[in-house]
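Order as written gives the chain letters A, B, C and D; numbering starts at 1 within each chain.
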Amino acid sequence: MVIVMAVDATAGNVEAVVDRVTAAGGEAFVSRGVSRTVIGLVGEVDRFEALNLGGMPGVRSVTRISAKYKLVSLEHHPERSTVHVRGVPIGPDSVTLIAGPCAVETPEQTLEAARMAQAAGATLLRGGAFKPRTSPYAFQGLGELGLRILADVRAETGLPVVTEVVAAHDVEMVARYADMLQIGTRNMQNFGLLQAVGEAGKPVLLKRGMSATIEEWLMAAEYIAQRGNLDIVLCERGIRTFETATRNTLDISAVPVVQRLSHLPVMIDPSHSGGRRDLVLPLSRAAVAVGADGVLVDVHPHPEEARCDGPQALVADDLRVLQRSLLDLASVLGRKGPAQWSPRRLAG
Amino acid sequence: MVIVMAVDATAGNVEAVVDRVTAAGGEAFVSRGVSRTVIGLVGEVDRFEALNLGGMPGVRSVTRISAKYKLVSLEHHPERSTVHVRGVPIGPDSVTLIAGPCAVETPEQTLEAARMAQAAGATLLRGGAFKPRTSPYAFQGLGELGLRILADVRAETGLPVVTEVVAAHDVEMVARYADMLQIGTRNMQNFGLLQAVGEAGKPVLLKRGMSATIEEWLMAAEYIAQRGNLDIVLCERGIRTFETATRNTLDISAVPVVQRLSHLPVMIDPSHSGGRRDLVLPLSRAAVAVGADGVLVDVHPHPEEARCDGPQALVADDLRVLQRSLLDLASVLGRKGPAQWSPRRLAG
Amino acid sequence: MVIVMAVDATAGNVEAVVDRVTAAGGEAFVSRGVSRTVIGLVGEVDRFEALNLGGMPGVRSVTRISAKYKLVSLEHHPERSTVHVRGVPIGPDSVTLIAGPCAVETPEQTLEAARMAQAAGATLLRGGAFKPRTSPYAFQGLGELGLRILADVRAETGLPVVTEVVAAHDVEMVARYADMLQIGTRNMQNFGLLQAVGEAGKPVLLKRGMSATIEEWLMAAEYIAQRGNLDIVLCERGIRTFETATRNTLDISAVPVVQRLSHLPVMIDPSHSGGRRDLVLPLSRAAVAVGADGVLVDVHPHPEEARCDGPQALVADDLRVLQRSLLDLASVLGRKGPAQWSPRRLAG
Amino acid sequence: MVIVMAVDATAGNVEAVVDRVTAAGGEAFVSRGVSRTVIGLVGEVDRFEALNLGGMPGVRSVTRISAKYKLVSLEHHPERSTVHVRGVPIGPDSVTLIAGPCAVETPEQTLEAARMAQAAGATLLRGGAFKPRTSPYAFQGLGELGLRILADVRAETGLPVVTEVVAAHDVEMVARYADMLQIGTRNMQNFGLLQAVGEAGKPVLLKRGMSATIEEWLMAAEYIAQRGNLDIVLCERGIRTFETATRNTLDISAVPVVQRLSHLPVMIDPSHSGGRRDLVLPLSRAAVAVGADGVLVDVHPHPEEARCDGPQALVADDLRVLQRSLLDLASVLGRKGPAQWSPRRLAG
């Protein structure tokens, strides 16, 4: 930690800081400049945090140097991690495609979407049974019925299921059906929910909050990790900016930035970033090229009838182009691309 | 609703839209321009929403004209509301001061802060027992113990208690102690929580999400209202922007904008907006002048020892200046200011 | 300056930094922590900047402690300044009202607007002859003809003229007509223009860039000051955020933040912030209450015919209410309010 | 145009709008809904703009349907354009690499950087002689001397020169040396400068303003086009958001969004977006994959001595990796990649 004293800080102010630090078992190094004094702290940073040094007279700023997150940091675990969801890897060796309908509506629609996804190389099925919606008058998802449909479709197709959970008290129930628990953008700082999924024994897909900094996102992951679960995959889905041409602004730089700070895999959701079908393909290509460990896309057999986010869902033709692109790009970048369809997979 | 067709939309595309609308019981008015066709819709807007017209071929955009929220809208209830918290009014006639410690730490600190608040004219006591913190390693609040302390301080001072609830399954318990339930900025779109407080039978203080539009904020209020609870007070607490000189950017315009859209009272939290003690006083003055129904401030008897947000807490001297300012400004604006201290109040 | 070394920095890296600093005549204080080393620098900060220490091997970050601006800083000039525009003061003792049409359209419209402004207590007349417009197809202002109209109206009313200049090569010409030169939001970082107005010998009204930080704004003022002109008035006019309910988001906290960093007067433009007539009055009240040295508002005798920003222009009735409010609030805050109309003023 | 009337608009209000529109030679179609009336306008949109319909009593909103820009729109020119800079194409068939030092410092540094750029496949040399800097105390560029250095390096290497111009009165002079004129982010709405480069007879590289919407960016291009110059290349360089991990947030979606609205080529500047050397390579890959027509990167033979933006400049090794990546990705996407070095090119 580095403490910068105010211009008019007195010698007594400096001494008081040094005393509080040393009383807490730390060491304080004072550097007196022409106009200001700077104090460098060495010791247990967390203990210093508790001292509220920023509130002491004469202190202008307190800067923490080491990262606030530990378990998810690259310093803690210098190799990039691979998370396995019922055997399906998400990590540095492959480009994983997760696809499915935004919302589970009917068994037929879900199965059809799953088959479309699978034909395009998706190895994980996404689908929402609990939908956080801005309006109380909008379709809120089928709840447990939706989860049952997803489980049936998994039995039929072999695709493990990724689905969102929105409340701590639902985690146990959702975890009985799902293979991976998704935390949505609006819940990235629902700390009780993060702790609950941290204890649920299932991999977690943690979407970035729409106005969360990368540091806050990694802190949210740390909440999960701290409860003993390091099977966390991060997912960038666009942030909120002044630009209105897209639903959100995809912060593609977040992928390499995260990869320099954390060992966790990181994916991109081009469907929610852009909010427009015609942007999904170019943004998916960009995602793979920038080094993301996969993409998460909305598909729907009949988007014009979708009860949620129809305008951004891909249809069958789009998916074939997407698959081709991802395979080509992954190969250029030395990674395994999305699965290529084979009848045998379906049997498994 | 207004539908704008794409330049290359065919007559068949237009007809399909008209057919779908009329089949749903609506009326469609087609205006053919030189380069585009526009279709005006009349009827049940919610039914139109379900038709997914935006996904139909040839449709370029669909614009909803009437507000998405109803119960909280000014159209629904053309007079500004006053919400009563154990008899304390928040509404257009008065400038209400809610004050207290960011976090409840000890019985002594809470009582001392409450007495400071009361001496400065506060008529409601705020204090956090459940603290959502960015880091899992930071102080998370005392939980139910904190609620008990608040209840004891209420018994001692007569000040009704406003406190945050962070999970739907805690609502019942928190409501047993609190007089007003606060929804924090990170939970503004925790829809299950909104519904739970909507059913709890207590007034709600709904903080704006740090990246929520005013429309989304009112929609969040609508979630609460829809469960039968219209005792909602909105609280602007700063939004996230590129500016780093302040913790958040206080969107002071939100107050008059909300007042033209909704009948609900709206307050300002200058402590969390600015994140700096020296900004609380000028921002509080601005809050009253712009027409807010009150302010919500952090106070602490010993901010340098605060376990949460010490740098923004007011101390006793600040509070006297704040009280004077609020009284003067309120009187200029034809409102009742914060209570003026009298020994009798304490006895009550 | 404080330099934080990377975790894996070598002793040689540290030495190289120290050597470069001492070779440049500075002193370097090394504090070795458990995991990192921090180096505090004392000496001529500008010289250190030129050393490109951030690019040296093993350096993680370089933090500058003293402000980058000098002439406009409060440290440089610890008393708040008053800027005089042809004798009209803008500064801490008064609340100055600058009003007039967004664009000069005709002599009649300009004179009528000026009389409205004056009747409401304005002591300076604003009006645009050069209008930066987003579209090349929009009205771009009358140019020099507009300046002549403004000069005529000044002769008629006695109101000194504030008008925008948009290009360095126009400064001399505009300065022949105007009493105060306005730099608009889009030109806040048009550095050649800033330097030109710095040499023009007239007071400057410097609007904040719509996405400029407060630090960048003060740096822009420093560009003007560096050319020998300290008669600078800052004007906050809203920043760009995700919120679309208002044209811009008025960053009202900028006023007290600036006042703690700089001695320059600071005003608020509520017309451009909100972009809506109905917000001008509440935002003007907030401006005075927060401590701004004045407000700048659009007025138009016939807003429905305005060629620019009609929807935000005040009309005569609004102005009477505005004047009343500003007088009342200024008096509560111990300041002189806008002038009260007297026939004698007009004669002067 | 679509006009939505307020709920309480009278029949007279509606009639007044219709009358004004028809008096101006347009047609107005009135659709009366249950709660509101909507009026569709057909005719010359620009003429309607001048009517200030938004300011009429009872009008709630006026929405323009057709694009505000024409010459740069895809509707105007349905095929994607290729801009040639001294014979070097920028357009849909190729991935063009523009590289060079952020600032021209010395003849040696510039030549060395140009050779590095050329060896890596760059076909255009960038370099700044006029540097807009936030601080008046920072290096502002060599001015005309820098332009002469660039011309000399062009003579030596054969690389056409792209350089920034910051003032309208400099355009003629800069155009004598440069092959392509760059408009920087801070000048995107310096309309006089846009008009001047529109008349200079040289291709223009128009960077996006750091807080400009895509629509405003295209309107800025329209300013140039309106003066008869359609040789415009757009360049996305990051927008300003709340995220501080990167210098700016690269809005990669802007590329496909622009390509659906305009026929102009669009490039990406990964150096200024991220502000960090380690992000340039992944962001360049993403740029090509998303469909950009090229990338613009900073290179420096000795970044640790750079007088401007050293931390983001690529060095020789980085460039080899960049070239390899761009070639591979371009080939997968069916485009020509950056030039491969050959001694013959230098002779040309």
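One rule holds for everything that comes next: a residue touches a chain if its C-beta (ideal position, glycine included) is under 8 Å from a C-beta of that chain, and two chains touch if they have at least 3 such contacts.
Listed by chain with UniProt protein names: A, B, C, D = 3-deoxy-7-phosphoheptulonate synthase.
What you see is a predicted model, and the numbers here were worked out from it, not measured in a lab.
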Any chance you could name the chains that touch chain B and chain C both?
A, D
Set B-D beside A-D; more C-beta pairs touch across A-D
For chain C and chain D, what's the span in angstrom between their mean Cα positions?
28
Distance between chain B and chain D based on Cα centroids, please, to the nearest Å.
40
Which integer distance in Å separates the CA centroid of chain A from that of chain D?
31
Residues of chain D whose C-beta touches two or more other chains
211, 240-242, 244
Considering only which chains touch which, how would you classify the arrangement: line, ring, star, complete or other?
complete
In the complex, chain A residues that touch chain B:
46, 49-50, 52, 54-57, 68-69, 132-138, 140, 166-169, 186-187, 189-192, 195, 210-211, 216, 219, 222-223, 226, 240, 303-307, 310-311
Partner chain D, residues of chain A touching it in the complex:
211, 213-215, 239, 241-246, 249-257, 260, 273-274, 278-279, 282-283, 285-291, 328-329, 332-333
So in the complex, which bits of chain A are touching chain C?
2, 4, 7, 29, 31-36, 38, 40-43, 63, 65-66, 75, 240-242, 244
